[in-house]
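Every chain is named by a letter (A, B, C, D and E) in the order it is written, and numbering of its residues begins at 1.
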Amino acid sequence: MKFGIYPGCSLTGSARDYNESVFALAEAFELEFTQIPDWNCCGATAAHNLNKELSLALPARILALAEKNGLDEIIVPCAACYSRLVVTQHELKKDPELKNRISEVIEMDYKGTSRILNVIEWIDKYIIPQLDAKIVNQFRYKVACYYGCLLVRPNKVLNYDRAEDPQTMDIVMTKLGATPIDYPYKTECCGAGFSISRTDIVSKLSGKIIEDAEHRGADAIIVACPMCHSNLDMRRPDINKYWKTEYNIPVIFVTQAIGQ
Amino acid sequence: MSDFEPKVVAFVCNWCTYAGADLTGTSRIKYASNVKIIRFPCTGRIDFMLLLKAFANGADGIIVSGCHPNDCHYTSGNFHAKRRWIMFKELMDFMGIDMNRITFSWVSAAEGAKWADVVNATVTRIRELGPYVSYKEMVDKSVEEEVKNG
Amino acid sequence: METTRKLIRKQSVEKLYNALTSNRQVYAPVVAADKQIEYRYNPGFAEVTFGHIRSTLSVKNVVFPKVENLFFYTNARSESTITDIDMSRIPEVVLWGAHPCDNAAFDTLRSIFCWDIKDEFFSKRLEKLAVIGLSCHLSDEYCFCTSVGLSPDSKKGSDILLSLLKNGDYHADILTEKGNEIVKSAADLFETVSDEKEVITEVKQKFSHEQVTSKLSAAFEHPFWVENSLRCIGCGACAYVCPTCACFDIQDETRGKNGKRYRSWDSCGFGLFTLHTSGHNPREVQSQRWRQRIMHKFSYMPERNESLGCVGCGRCSSGCPVDMNIAEQLEALQNI
Amino acid sequence: MARIGVFVCHCGENISATVDCGKVADTIGKLKHVAYSTEYKYMCSDPGQTLIKDAIREHKLTGVVVSACSPRMHEPTFRKACAEGGLNPFLCEMANLREHCSWVHEKNELTTEKAIDIIRTQVEKVKLNSALQPIRVPVTKTSMVIGGGIAGIQAALDIANCGHKVVMVERSPSIGGHMSQLSETFPTLDCSQCILTPRMVEVAQHPNITLYTYAEVESVEGFIGNFKVKIRKKAKSLDEKACTGCGLCTTKCPQKKIPNEFEQGMGMRPAIYVPFPQAVPNRPVIDKEHCTYYIKGKCKVCEIVCPTKAIRFDQPDEILDLEIGAIVVSTGFDIKHADFFPEYGYGKYKDVIDGLQFERLASASGPTAGAILRPSDGQVPKNIVFIACAGSRDPAKGIAYCSKICCMYTAKHAMLYKHKVHEGNAHVFYMDIRSGGKNYDEFVRRAIEEDYVNYIRGRVSTVYERDGKLIVKGVDTLLGAQPVEIVADMVVLATAGVANPGAEELAQKLHVSYDSHKFFAEAHPKLKPVETNTAGIFLAGACQNPKDIPDSVSQASGAAVKVAALFSQNGLTREPLVAFVNRTAPPMYSTCVGCFLCQSVCPYQAIEREDFKTRDGKIIKTVAKINEGLCQGCGTCVALCRSKSIDLYGYSNNQVYAEVVALLNEF
Amino acid sequence: MDNLVKRAKELLENKTVQVVIGYEAGPTGVIRPAFITDPEKAGKLIYNDKCDQNLAVYLTKKEVKNFGKMAIVATLPVMRSIMMLISEQQLFAESIVVLGISADGNLLDIADINIMQGYIEKSDLSNPEKYKALLAELNKLNPEEKFAYWQKELSKCIKCYACRQACPMCYCTRCTVEVNQPQWIPVQANTHGNMEWHILRAMHLAGRCISCGECGRACPVGIPCHLLTMQLTDQVYTYFKVYAGTSDKMNSVLSTFEPNDKESFII
């Protein structure tokens, strides 16, 4: 089975661990990846606030490249990238005229035929069926599954899981042997939008997410988004400083949890 | 064209626009006398061919009017009519038949004043457009074609 | 009248044409924008084609128009008044460049329209018609004039018949008094015959119409008809493009107090052609209608009108949307 | 030859002031086929009508055009006059000279000319009119009420008290509906069951009412006055005649752990059960899905203990065929359930309940005998939060409408809570308080002002459990959109009222239209609120949209009157202005080709199929056929029919075409 | 197309069908419909890119139906026609076997209506590319030019009704033009009468036309009358987002409605 993978900026930078664990998993389960050649920025940060066509053209180019290379399924581990790609596919499907315009902008044919998978969908579809045969250590921990915002929203576009109290990651984690806790902060805001500009807000919001997980006795917080990870993990010293706490609950990528 | 008196035929439903036009009468609101009404039970009953027949028989303008959506006496006749007119208008536009000569409207039984407005606006517009020469010419020419042996 | 043959130079043809159009309606073939060959009144000479095989429609409409008004009427309170058609309005027409098959068809039509009572409208139009025919120097696989007793240079029906010569000039066979009149009106354009060769196309004979006629009399119930007409969709194209089909329908059209009666083309291919008011239809299915068409042309007409109802122009076959090829079927029929 | 009579009315001066009536009558009189033309001051007066009657006889008229006011005013008058004059009433047409001409135009040549045009058009039309006979349809004077909630009960009693037969069909084992589950009712706080039970008993005992519980409508065919209904009586596994209702079986049934529907799952019941103590009929049924005998093939404890040997395990479902004249649909509503509210934790946290569950908690006959106790641990909740608009008015979730009853019952709940737990705190999150109704707003004010219920205007974003408490996060929009967090012991969701499951299926069986939310649709939102677009089928109660008890009851009485009015006639007479599909001689039978596109265009399901068969039964052709009883004459099918095989009496193709020609040409 | 011949032969041999409707080459080389009833003659069947007639028109023809169960060589337009005919109750799914032909000319395995529906849904249902350009050209004209264009084209019409007869959707036994009470369409073939006929035809096919272009192809005088129905096909899609002939349970656009149908011209 040949998949395309779109890493995006985070996976080559701050979330190298995520990248490595995805590839490690793929190797372990004999799944072959082709990185989309000549990929570009997905436009997640600001493009969609400034220029709609640009915000669609960037992901459209990525998708067109995937089509051109015959990649029917693309894995997009980063939730922000995933959201941009799916939104673009949705918008262009809705409006054939816009599709033609964007095609002209990117100077490439765009059909919108590639299927975009987030990491959980991918795991569920390709890893879980082989899991029993390959599993070495069950992941027997109490986990708090944190979905963040972009993995399940906007629900009508992504058409993935339910926006309130999503379940897919919990189900995957259960299959790995973990015990997901009842966790009301699953989709609460981590402050990602202020990740750089107002770290105090990040500390405040992410702090609550961590607090509740600690309070409920979770052994780890599981994430599937590099942004969530960096806010909950990399910003931990700031969080502890802000809330005057000493939280040390680990935040790990869902792919790392399987690999363990 | 100041002495041009356009012939305008109105195809209306019995329950809303016909009654609305009755109200225009009871309210003594004046409007142009060029319009003559043909009563139908429902806009759903109005065959698109009748509109063409009106032009073929020398009408310069046409009004088609019935109950507002959701107010149809028969619940849905006007919705069907609406679809029919959407298609009809698109076809006429494609063939270059002048849709400015047809007014489609919803006039309820309570809208006596609106009926007068619809009629007056239509008559004024048709007056500006003049007689429907190009259609009449086609009809006449067709008669001429027969005489010669085309 | 004794027929004579003259020569008309390539350049003179144009002069003749222009002379004719100056004082009459000349109905001549042109290549239309959509590549169809159609006849028009007084087209410019440059437009007129001399190289066509067959026009889409036949030229029968010069004597039997698509629609012919028969009279007008006015209804009053107590009585109705009828206004006859002003026959003098029927124009003099010169049919230009029509091929021998089309021209031969005028005789066939006459045998229908004038078999007992002379049809006024048809006769008047025919009377006012002069035909300058053009022998065929081109033909195609649909042509079969030679199978119905005609040829690419048949003189039947023409007043003058032009035949192309190798050098581009034309021989003009002056066949009737009408033709003679035309020649006289432009005598200087006609010269003595040269010995240049005429270019006449060759049309292979596909069947013997006598044999077809004799076979048909016993073939009414033959399975041939169903087998060979399954694909017929029942349109009227073959009849309407046919130079000899003469069926018509008579209608009244009233508007207010005024109205008119007219006749217009009809076709035996239509399902409703023979539908009775009772709901019964003696020709209920297409095979019966197809049989009628062939029978009429090749059996009934020879019997009643002493004239074959087909001139071999091939239009019905070339114009048929489903390749109902009449020559092919007649060829098969003569062998059943 | 047509002989048309034209009568030009002056209407006092209403017409003659602007129209030269003399000239009009003269001009028209000269038209072909006009045998008589005259003018008169008041055509609708007695002498005016006599003029018509006399002229019909004297001039042997075959058609009449009365040129006067709007046909919407006097068409019946003049048609009647014609009938009295010996002319078929449908050979009379009216030319509207008053409303459409004299009153709306100035006095001048053009106005008179227009009057002539209008009359001439009607003359041309009337020449093509057909003599028609009114359509008579018999009426079966038995009605069926589907659904035995309060609306159905009221409708059935009202109809039965008018002296007509009623068949009531109820899906569950007892009538009573949602009302029987309620504790107290707003705004009077009287006991729901106390006022309902007597009426339930009355239904059971009324000589005109036949009650079928545990039964469902299988199919409905036919039309107004003449429905043919099949009802499936599901097997109760019980001989109802033999059973005395002693209840021994229900106490001895070993299977006792089945969530009790009546208690909204907050209590348990056995496999053989009576839904609630006051049930009507008070006879048990066996729930085959849970009964040990039906599942495992042995047990039969009930059969053993039954003193009258009334248990029948092998009883089959029974199908009843009924002839019905009118139908009242009163199937009620349902509320949104668990999965809809993941953010409120409904279905996940035991102490998040819905309004109906709270009713059972508060009810003296409920699982807690009326004490407000948390389902999780049976403790008295000290802090209770009510969330109004849980689902309603939320287009994003697909329920755009207001469920109407929640504001009131939430106020009632809060009040009941405060009355029972004096020291407790009740909080209500709301979007708006909609308390229109007699004594309704006063009731809400009482909750706020006298019972100190804390009303917070804002929505709740999430409810979650932490350390055994429910954290309710919301916002107070009246305090500058301040986030509010309440630590609650119990949360009550005023979940949206939605259509009953199966409503869509029933609507299709009845050929009644329904809206996008699957509520049954009324024929006209203002003027025909209890009728459906199918004649003879009426609506009552919350199957149309969520309603409170007074609204349901009044609508039910309205529906009952409609049924009674229908039954007050011995047969139905209808104007014969209906559509018809042509018929011709064989082998064509009709020019209709049977595409049946007319079926989907007909708002009344009036188009049926007719098969033409050979003698040995082989179908030659299937064509459309209009059921005159159902057709209302809108003519939409006529305009749609491509082969012009359908036409409409009164507005035939020939007539309307002639009108167009007449209006625009010289005559 | 050995597969096609093989399959046709099989069907006839095992008496699954009594006739196979397909294409053959006539003696002049013109492609035309063929009706094969004898398995030995299945070899006559051909399929190539010149086989463009819409054969579905024969499915409602009495003399063809008389054979019994029919198999039909079906390109996309034929399949869509079949869907329309079934939905309009002119044909029963069980009375035919569909020998589907893919866009690249290969025999498809169309075992039942659902599979056919799946195939249709996957296909491009908009008007054929070659006509899109023509439509776009015409749509660019101003109203006077359009009117002149259509008058000129329609003046050629001889009312032979080949357009009607070639159309699978024009299966009425009596057409409106044959009604004379009232005479909706003038009998004579003059420009005005022709225009009324073609408007009527286009309206009657609105939402039912499956864009095969057969009417235009059949016209002996070359009137592009298919552009009228195709224009409406475009508009039906624009307004109502449906293409005709996608399902055997399809509702016709003009016999159904949505309360929120959008238009901008009714005041």
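Following the convention adopted for this analysis, a residue touches a chain if its C-beta (ideal position, glycine included) is under 8 Å from a C-beta of that chain, and two chains touch if they have at least 3 such contacts.
Just so we're clear, the structure is a prediction, and the values are computed from it rather than from any experiment.
Common neighbours of chain A and chain D: there are none.
Closest to the protein's overall CA centre, chain by chain, comes E.
Among the other chains, C has the CA centre that is most remote from the centre of chain A. Distance between chain A and chain B, defined via averaged C-alpha coordinates, is recorded as 60 Å. Averaged Cα coordinates give chain C a centre that lies 68 Å from the centre of chain D. Chain centres here are Cα averages; for chain A and chain C they lie 79 Å apart. Separating the centre of chain D from that of chain E, both taken as means of CA atoms, is a distance of 42 Å.
Touching of two or more other chains is recorded for residues 173-174, 176, 184, 188, 190, 254-256 of chain E. Shared interface positions of chain B, defined as residues touching 2 or more other chains, are 48, 57, 70, 76, 80, 84, 145-146, 150. The part of chain B that touches chain D in the complex is made up of residues 5, 7, 9, 14, 18-19, 21-26, 28-31, 33-34, 36-42, 44-48, 50, 53-54, 57-59, 70, 73-77, 80-81, 84, 116.
Chain E makes touch with chain B in their complex at residues 138-139, 141-151, 155, 176, 184, 188, 190-193, 195-196, 199-200, 202-203, 206-207, 228, 231-232, 235-236, 239-240, 253-259, 261, 263, 265-267.
Contact residues of chain D toward chain C in the complex are 30-32, 584-589, 661-662, 665-667. Here chain A touches chain D in the complex through residues 162, 164-165, 182, 184, 212, 215-216, going by the rule given at the top.
Contact residues of chain B toward chain E in the complex are 48-49, 52, 56, 69-70, 76, 79-80, 82-99, 103-106, 118, 134, 138-139, 141-143, 145-146, 150.
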